Structures are given as structure tokens and as C-alpha cells.
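Structure below; questions to follow.
Which chain is which? They are A, B, C, D, E, F and G, in the order written, and residues in each are numbered from 1.
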Amino acid sequence: MLKPLHDRILVERLDEETTTKGGIIIPDTAKEKPQKAKVIAVGPGKRAKDGSLIALTVKEGDIVLFGKYSGTEVKMDGRDYLIMREDDILGVVEA
Amino acid sequence: MLKPLHDRILVERLDEETTTKGGIIIPDTAKEKPQKAKVIAVGPGKRAKDGSLIALTVKEGDIVLFGKYSGTEVKMDGRDYLIMREDDILGVVEA
Amino acid sequence: MLKPLHDRILVERLDEETTTKGGIIIPDTAKEKPQKAKVIAVGPGKRAKDGSLIALTVKEGDIVLFGKYSGTEVKMDGRDYLIMREDDILGVVEA
Amino acid sequence: MLKPLHDRILVERLDEETTTKGGIIIPDTAKEKPQKAKVIAVGPGKRAKDGSLIALTVKEGDIVLFGKYSGTEVKMDGRDYLIMREDDILGVVEA
Amino acid sequence: MLKPLHDRILVERLDEETTTKGGIIIPDTAKEKPQKAKVIAVGPGKRAKDGSLIALTVKEGDIVLFGKYSGTEVKMDGRDYLIMREDDILGVVEA
Amino acid sequence: MLKPLHDRILVERLDEETTTKGGIIIPDTAKEKPQKAKVIAVGPGKRAKDGSLIALTVKEGDIVLFGKYSGTEVKMDGRDYLIMREDDILGVVEA
Amino acid sequence: MLKPLHDRILVERLDEETTTKGGIIIPDTAKEKPQKAKVIAVGPGKRAKDGSLIALTVKEGDIVLFGKYSGTEVKMDGRDYLIMREDDILGVVEA
């Protein structure tokens, strides 16, 4: 498995047809489409200037929205994932 | 529902024909049109460098003005929303 | 009425024919024309890194000069206003 | 009169034919010509991150040199002035 | 051998056909392809503003993913290496 | 005379034919030619964020090297000078 | 001799045919070729925000690698040198 570094998170895109409990649907025509994904793994946090770690807010299993052009794609065991920084996350979908 | 991260807020545009108590009307011809919206949800705040959170000023239910190109559009349960950072908010309409 | 956020201020342009006590006249031919306005409302101040607020210097009623391209226009009750950051203000006209 | 904000200063250009005691003459052919001016008014200083003011070094009456493209022009009582930040000042002419 | 400075690390690319225990395969068609490498040497860490060193998270022997355009190539004893900053590392492959 | 502000210094170019004790000769063909000058006057130093001054390293009389495009030219009493920031200085020629 | 300022170092390029103990050879075809040099002199260090100096890691006599476009060329006593910031150094070659 991949352990993200610092404030990065590993997510797996959710099929846009999938209906979450919150019923979020991503508009096709928006210029910068947000996208929905499940958080698979999170980094230990960003390093503060004194060397300590500031833990991330997002946690494994969260359903998150992020901007269309965020992150870098990787493939693991035949499935597509994205690695991005937590700051690229717009919000967490709550049940 | 969507819980915004950090210093982001979720807003819903108000119909420009709607007249608020303050009577604000958005000019059509302005190059960068401000826009009016209702705050639906706010993030926990921006993280200070020591890891603490600085709470937002804007709160749920506020009517706010923001620049035309601010934010990212999302659709939930058939209604359009915008996610933006609190710093994109120009001001709060007071009754 | 509109309450500006953070270090933003709401101003109303003054007619350039109006003569203030200080007698400031804006040159027409300058490449980046400063402009004169009356301060209508001010934000609570900019947040310092520790979360406290640094109050603004400019106050309601001040006559200020600002650069031509500063601010965002809004219309309230049929009158034109501008919202800008205090740092866009060049100076305050003193009687 | 105009009271500059923060770390801005108000200056009045000196005629380039004027000879100061230090005898500084501005070269016509330099790509970015420095220019000479008299300080008319200074701001209270730049705000430090803790909200305190750091007073300016330049004071009213100083003869200063500044880069050609620095500042914004304003006209008061028929005379031309410039408003710029203290950091645009290259040096003070000493008698 | 080469000792990286500050927060830089020295890595050796892994053959993309090599299958790691985590089974990560890099997609050929991705616009910004992540790449896999083995960490050969790490710097002492980034200097904090007080002059102390913040040690790196990545250590010698780690298998890491990084963006395609990260780093500078060097050749040692006929083998190709890359030097990059730890912040260019997307994540560590865990067994 | 001119008193440089903050971290600026006033220098006078040295004739490139002049041979210093260290024997530095500036190459004519280098894309960004360093240049040699004598320090005529230095500013009081850069202001730290707490308002104190950090004194400059370079002092009056030093022979310094600087990049070709650094500084702003001024003429005083028929001689050419340059005003630049201390950070534009590459090094001090030691006897 | 030249004493570099702040966090700058003075280096002399090593002939690329020279074989160091670590056997590093610079690839000719790399887009941004690293280069090898011997450190001739180092600056006192970078100033921290409180005015203290943070000493450099690199020391006189070190063999270092740096990016192709780093530094400014100077000639002393007929030999070519480069002045660059320590942060342009990729690593130190260890015996």
C-alpha cells in the first residue's frame, strides 16, 4: 500500500452515478468540476516550523470533494487512485 | 450534507431579483460583478501556525457578497451551491 | 447595510467637481488615476497570526484617496459603492 | 492636506535644474531614472504583525531619491505630488 | 558517494516492470506520471528558522513515488540517480 | 552626500583595468557579468519584524562584486554611483 | 581573495574528466546538467530573522554538485570561479 507523505492524502474516485446519502451530484458543465472520492490513506500531517506535525482533518473512509485538476494519478492493483494535498479538498460529505 | 474544510464556506446564491432588507442590487454592467449568497455551512477555521484553529467570522445564515469569479460550484439535491474561502467574502449584509 | 469583512472598507466615490477643504483635484491625464471617496463602513480589522484583530486606521466618515483600479463595485439603494482593502487606500484627506 | 496611510509618504518633485548642497544630478539617459523630491508628509508607519507601528525613517522636509516609476500622482491646490511607500525611497540627500 | 544537502534526497529509479509487494503500476498515459524509486541517501534535514534541523521522514531503502518532472539527474559509477527535495515525494510504498 | 535607506548601499564602480590586490578580473563574455565597486555609504540596516535594525555586513570602503543588472544609477558631482540592496552583493574582495 | 557574503559560496569547477573517489560522472545529455566543483570559500551564513547567523553546511575544500545554471561566474588570477547560494548545492561528494 502507499503511505502519503506530509499533508498528502490518497483517494479513490467515486463513480459519479453513485448516490451518496447527502445526494451530491457533480454538474457536467461546470468549468472547474469538483469531484468526489473516498479517502484511502492520509499522511502524518504537515510539519510546523518548529518541526512538530499538524495532523490532518480528513481521515480514512471520508467521502470528499476536490477540484477537477487536483492531484496526481497512480494505479495500484489495477485500480486508479489520486494523491493530493489536504488543502485541495473542498469539503467532507456528511451522512 | 457537505462540511467545508478549513476556512472554506458553502453558500447558495440568492436570486438577484430578491430584495434584501438592505436593498442591495448587483449592477449588471460591472466588469467583476459581486454576488449575493446565503451561507449554508462554514468550515472549522484556518489553522494557525501552532496548529490551533482561527474560527471564521461568517456564520450559517449570513447573507454575503462575493466576487463573481470566486468559488467552485457543486450541486446537492438538485440545488446549486458554491464553495469558497472566507477571504473571498467582501462583506455581510446587515438587516 | 453592508458590513465589510476583515480589513475591507466600504466607500462612496465623491464627485470629482466637489472641492474638499484640502483642495485636492485628481489629474485626468495620470495613467493610474487616484480617486477620492468617503468611507461608509469599515471591517473589524485583519486577523493577526494569533487570531487577534488588528483594527483599521481609516474610520467611517474619512475622505480617502485610492488607486483607480482598486476595489469592487456594489450598488445599494440606487447608489454606487466600492469595497476595497484598507491597504488600497493611499491617504486620508485632512481638513 | 493629505495624511498618508501606513508606510506611505507624500512627496513633491524637485526641479531637476535645482542644485542641492550635495550636488546630485539625475542622469537623463539612465534606463530607470531615479528622481529627487521633498517629503511633504509621512504615514504613521507600517504595522508589525503584533499590531504595533514601526515608525518611518524618512521625515517631513527630507530630500529623497526614488525610482522613476515609483508612486501615484495626485494634484493638490494646483501642485503635483506623489504618494509612494517608504521602501521605494533609495536614499536621503544629506547637506 | 553523494551526501544530499538539507532536505534533498538521492534516489535510484526502479524499473517500471518490477513489481513491488504493493503492486503499484505507473499509468503510461497520465499527463504528469508519478515515478517509483529507491532512496539511496537522505540529507540531514531542512533548517528551521532558529537554525535547528528538521529531520526527513523518508529514509534510506524506502521505495517512493514522485512526480515525473521532479529532481535532477546524476550518474555515479555508471548508474543513474536523481536528486530531489523530500517535498517532491508523493508517498512511500509500504510492504 | 546621499544616505542610503534601510539595507541599501551606495557604491562607485571601479575601472575594470584597475588591479586589486586579490587580482580579480571580470570576464567580458559572461552572460551576467559581475562587477566591482567601492562602497561609498551604507544604510542603517534592514528592519526586523520587531522594528529593530539588522546592521549590514558591508562597510564603507569595501571593494565588492555585484551582478551586472543590480542597482540604480545616480550621478553626484559629476561622478556615477549605484544604489543597490546589500543582498545584491556577491562578495567582498579581501586584500 | 573574495569573501562571499551571507549564504553564498565561491567554488571552482572541476574538470569533468577528473575522477573523484566516489566516481561521479556528469551525463552530457541531461536537460539540466548538474556540475561538480570544489568549494574555495564560504560566506558567514544566512541571517536569521533575529539577526543571528545560521552557519553554512558546506565548508572549504568540499567537492559539491550543483545545477548547470546556478551561480555567477567570476575570474580571479586567470582562473574561473562561480559564486552561488548554498541552497543551489545539490550534495557533497563523500570519499
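By definition in this document, a residue touches a chain if its C-beta (ideal position, glycine included) is under 8 Å from a C-beta of that chain, and two chains touch if they have at least 3 such contacts.
Note that the coordinates shown come from a computational prediction; the quantities given were computed from them, not determined experimentally.
Colleague: What whole-number Å value describes the gap between the mean CA coordinates of chain B and chain E?
Modeller: 41
Colleague: When the C-alpha atoms of chain A and chain E are each averaged to a single point, how far apart are the two points in Å?
Modeller: Each chain reduced to its C-alpha mean, chain A and chain E end up 23 Å apart.
Colleague: Please work out the Cα centroid separation of chain B and chain F, and write it as a whole number of Å.
Modeller: Averaging C-alpha atoms per chain gives centres 51 Å apart.
Colleague: Listing for chain B: what residues touch at least two other chains?
Modeller: If we look for residues of chain B contacting two or more partner chains, we find 49.
Colleague: If every chain is a node and every touching pair an edge, decide which shape results: line, ring, star, complete or other.
Modeller: Per interface graph, the chains form a ring.
Colleague: Starting from chain C and stepping next to chain D, in what order do the chains sit around the ring?
Modeller: Start: chain C; next: chain D; complete ring order: C, D, F, G, E, A, B.
Colleague: Using the touch definition up top, name the residues of chain G that touch chain F in the complex.
Modeller: My answer: residues 1-6, 8, 10, 41, 43-44, 47, 49-51, 72-78, 80, 83.
Colleague: Taking the complex as given, what residues does chain B use to touch chain C?
Modeller: 22-27, 30, 32, 34, 48-49, 52, 54-55, 57-58, 65, 67, 86-87, 89-94
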